[in-house]
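Labels for the chains are A, B and C, by order of writing; each one numbers its residues from 1.
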C-alpha cells in the first residue's frame, strides 16, 4: 500500500488565492459567518470582466429546507453546486446541453434529514441526484457490515455540509472563478480528514475543474478512498450513445454485467427492467499520467469529457443504468482510487491507499462540455492518442463477488 | 394482488381548486417559498364568511425547533396540523371535547432529530403523539429486518416534512377550508411515491375530511401500504367507553390480545401494566363500500366517528392501549390497507396492494365529533344499519405470529 | 436495587429562583420562544454587580449550523456551554488555564447531523469534544445490542437540544449566575425522563457547580444511569500529571488497562499508539457522603478538582487517553452511577439504579480551577483527609469482560 506524502503546503499553493483576486466569505464556522442568500456579478469585479453571476440561495420546503444552492452563470456554462451536500455538482448546462440526469429524488436533500444507515446502509440513495458526487473519503463503495460497524454506501462526504465556503474571482483576465468548500470528516479516534474541495471555471468557457485536497490531520496513517461519481442522462445519453476511453483492462462488476460485456462501449435507450450493468476499468494514461474519457450521443455532436490523473485516480467505474427515464436513465463515469465493491473487498485487492499522518493528497478532474462534432472529434482524437496501439484486455470474469 | 389503476387526472379533479376560492402558498420548494409564520382569517376571504382563523407558526425549543404547526380555528372545531410531520393531525377540539391523547412525547418533534432506525427500528416512538398519523406509504407495520434492510415501524410518511403546503378557502358558502400538503417518498431505485394529502373543514361544522391521493411516479408497479392511525384518549376514552363498528370478522393480534377478546367492544379505565391489546377487524360496508365506526364515552354523550371506504381501506386495526394516563391512555382506530404485522407477514397474507406504474389511488376518511347523546345515537344507528342482520365472526386464534 | 424516592418538590427548592433575582427566558418551547443571539452584562443587573457578560450565539457552518453557544464571562472564569447539546460544558478558562481538551472534532455538532446508531452504535464520537458530557440518563456506557435494540454509546442526553433555557442572576451579592436547561428523554412506552440541568457560577470565583435534577414522569419505576464524563487535556494534563482521589478500590477496565495498573495515579505525555487505559474506582467519602478528586500538572501548580456526593454518584471511571495531541490527549474523570461497561453488564453487576414512578433524584458536582501551588495543596489536603488511614484495595483482574 503506497503512502502518499505530498505536503499540504505544496498542494495549497496550487489553489491559493491569486494576488489579484476578490475574495468573498459565504460561510465560515470559525468566524460565525453563514450568509445564506448572497450574490455578485461581473460588475462587482471589474468593468473588463465578462458577464457572469454567482448566487447562493437557501432552499425551502420538504427535505431540502435549509439546503444552500450556489449557481455560477457565465456565457459558457451554468453550474449548480450544493454547499450543504459537500459542494457536490447538482448539474451543469451550456449550449442547451444539460450535464446531469433525472433522479426520482428531485429535492436537494439537506443531510439533516438523511440517515445513511437506513435501507441496510444504502440510505445515501434518498439524496442521490447530482451530476457529481464525491464518494469518500473515509471509505466508499457498496455498504458492508465489517469491523463492528456499517460502512454505508459511498461514505459520508456528500452528506456533509461544508464548514467553510469561499468564492474567489480573479480581477483580471481570465477572471477565473473558484468556489471552495471545506468538508470535515472528524470523529474522535476514527477519522481526522479535512478536504478542501474546489470548482474552478473561467467565465465564457465550456469547462470546469474539480480540484480537491484531502489532508489527514491525525498523527496516524489512515486509509482513504474516493470515487468521483459523475452522472449523465439525456440529452447526451441515448440509444447509441458511446463511452470512449483508453482502456488497459475492463471486466464486469458481477455476473449480470458479464452478460453485457461485449457492448460495454455503447448504450441502450431507456429499457424497462435493465437495472444496471457496471464495469471495472483500468485506463491508460500519457507520460504525465494524464488520461481522458468521454461520453457522446449517438450522432457524436454532443458529449462530455473528463480528464484526470491516473496516479491520483487509477481506476474507473463505468456504471450503465439505462433503465427507464423515470427510474433514472443515467450512466456514471467514475474515476476513483477504488472500484465500487465494499471496502472489505477493495482492501483485500489492494485498492485502498493510505494517507500519511499530516499529509495531503489531491485530485484534479477537468470536465468539458462538447457541443458539436468538431469538439467531440478533437476530444476523441486525444483519447485515441493515449490508447495508441496498446491493447485492451477484456476479462470476462468479475474480479470479486460481493 | 389487485393493481389500482385510477388515473391521477380523475383523482385530482376531486380535490382541485374551486373556481371561486382564494389560494395561499405557504410552502413550495419549487418556488423557494416557505413562509413559516403566517395567518389569515375570514376577513381575508369575504364579509359573508363565518368566523375562522388559519395560522401557521414555527415552533421553538428542543426537538421541535423549526417544526411548523398549522391551526384552523372555526366556531365548530380547532384543528392542529403538523406540516413538518407529514401534515399529521396533532389534535382537534370542539365543544370542549378533545380528539387526541396525551403521549409522554409532548413536543412536535422535527424529523431532523428523529432516527427511525433507532430502538431496533422503533425510533418512530420518539415522535408519536398525534391524533392521526399516516403510517405508510412505502411500507407500514411493526419493524422487521428483511430484504437486507430494516423496515422501520410504520414507515416514513409521518416523519417527512411536506414539500408543498397550500391553503385554499372557498369565497362563497360553505367557505370550505382545504389544507393540502405534498409528501415525497423518493429514493433512487426504490421508491417514487408522491402523496397529496389534504384536510378539508367547513367552518362551523363538527367534521373534517382527510383526502389523500397517492401516486406512483415510477415506471414500475410498486407495493404500498397505509394505516390511518387515529388515536383518542380522554375525555372520550374512559372506563366503559365503547367501540362500535359493523364487523364481519375480528381476531386478536396475538396471544395476549386473545385473553381480552370477549371484551373487545369496551374499554377499561387507565390500568397499570395493561400495555396494549390489538384486534384485527374486517368491517362490513354498505353498497357503496362506505362504512363507519365510532368510539363513545361511557355515557354515550361524547364520541368520535370515522367514515371510510372499504375498497380503499379494507381492514381496521383496533389498538387498545388502556395503560396509565402518564404512560399514554389511548385507543387507536386504524383503517388501513393492512394490519400492523410486519410487512413480511402482510405480504404473505396478501394484504399489500400494488399501485400500477404512473397510477394514483386515493383515501378518504371523514372524522365527526359527536358532542351529545343524539349525535352519538344517530351515528350509531348508521353503523347498525350497515351491520344489519349480518353476523360477526369472532376468531380466537391470531392470524399470524410475529 | 435501591429506588430513589426523593420528591421533586424538595429538590426543586434547592435550585429555585431566589426572591431577588432577574430571570431571562432564552428558550421555552411551550411559549414558542427561542431568542438565539442574546446577551446581558452586569449592567443589566445592578450597579453593584461585579463585571460579567452572558452571551448566547447561534453558530454557523458545517455540522454546527444552528447550534447555540452560551458563554458566561466573569473575572474568575469563562464558561462555554452548549444548549443544543444538552447544556454540556464545552470548555472553561481561568487564569490562563484551560479546562477542556482538543478533540479532532472541532465543531459544536448540532444533533440534527448526528446519528448515534452509526459506527456500530458509537456515532456519539462524531460530536465528542466537550469538557463535560452527560452520559445518560436512560442508559450509558459502551454500545451493546440487547433487548432488540442498540444501546448506543453513552446515551442520548448530550445529543438532545434543551427544550427550555433560562438564565437567572441574583441582583445582590454574591450575584450568582444560574443557567438552567431542560432535557427531555421522552419516548412512547419507553422513557419519560425530564432533567433540569443547571450550571451555577459566582462571578469572580474559580468554581462552578453542576446541579441536575432527573425526574421520572412515568407511572413506572425505570432504570437510569449517568456518567459525568469530565475531560481535561493540556495544560493540566502532561507527562507527570497526577490523579489524586480517596480510593477504596481500583481495578482495570480490561486486560490492556491491567498492564498500566501500577501507574494509575500518574500520566504519560502524549504517546503514539497508547490509545486508552481505563480504571474502575470506588471512592471513599466523608460522613456526609461528600468526596473530592483532583487532576494536577507535574509541578502541582495547576489543577482541577471535582467534588461530588457518593450517594448520588457512587463510582468513578478514570479514563487515561494519553495518545498523541492530534488524536486527543485527554483524561476523563467520570463520577457516575455506573462504570463504562455496556448496560447489560452494569445491570448484572447491580450498578443500574431505578427511579420510582413520579420521583426525582439529583446530582451535584462542583468543579474548581486550581491555579497555584497553594490551591492545589489545599485541595489535596482535603482529599487526603477523606482517605485518612483507610486502605486502597488494588484489584488486578477486570470485573467484567465486554
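Keep in mind that, in the parts below, a contact is a pair of C-beta atoms (placed from the backbone, for glycine too) under 8 Å apart; a residue touches a chain by one contact, two chains touch by 3 or more.
The structure presented is a predicted model; accordingly, all values stated were derived computationally and were not measured.
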Quick check of your reading of the touch definition: is the inter-chain graph here a line, ring, star, complete or other?
complete
Looking only at residue numbers at the chain A/chain B interface, is the share used by both copies over half or under half? Answer same or different.
different
A CA-based fit of chain B to chain C gives a rotation angle in degrees, as a multiple of 5, equal to 120
Dist(centroid_CA(chain A), centroid_CA(chain B)) in Å evaluates to 42
Residue list for chain C, restricted to those that touch at least two other chains
112, 115, 117
Which residues of chain A touch chain B in their complex?
57-65, 103-107, 110, 112-113, 115, 117-120, 122, 125-126, 128-129, 272, 323-328
Over in the complex, which chain A residues touch chain C? Could you list them?
27-30, 32-34, 66, 111-112, 115-117, 147-150, 152, 160-165, 182, 184, 186-192, 217-220
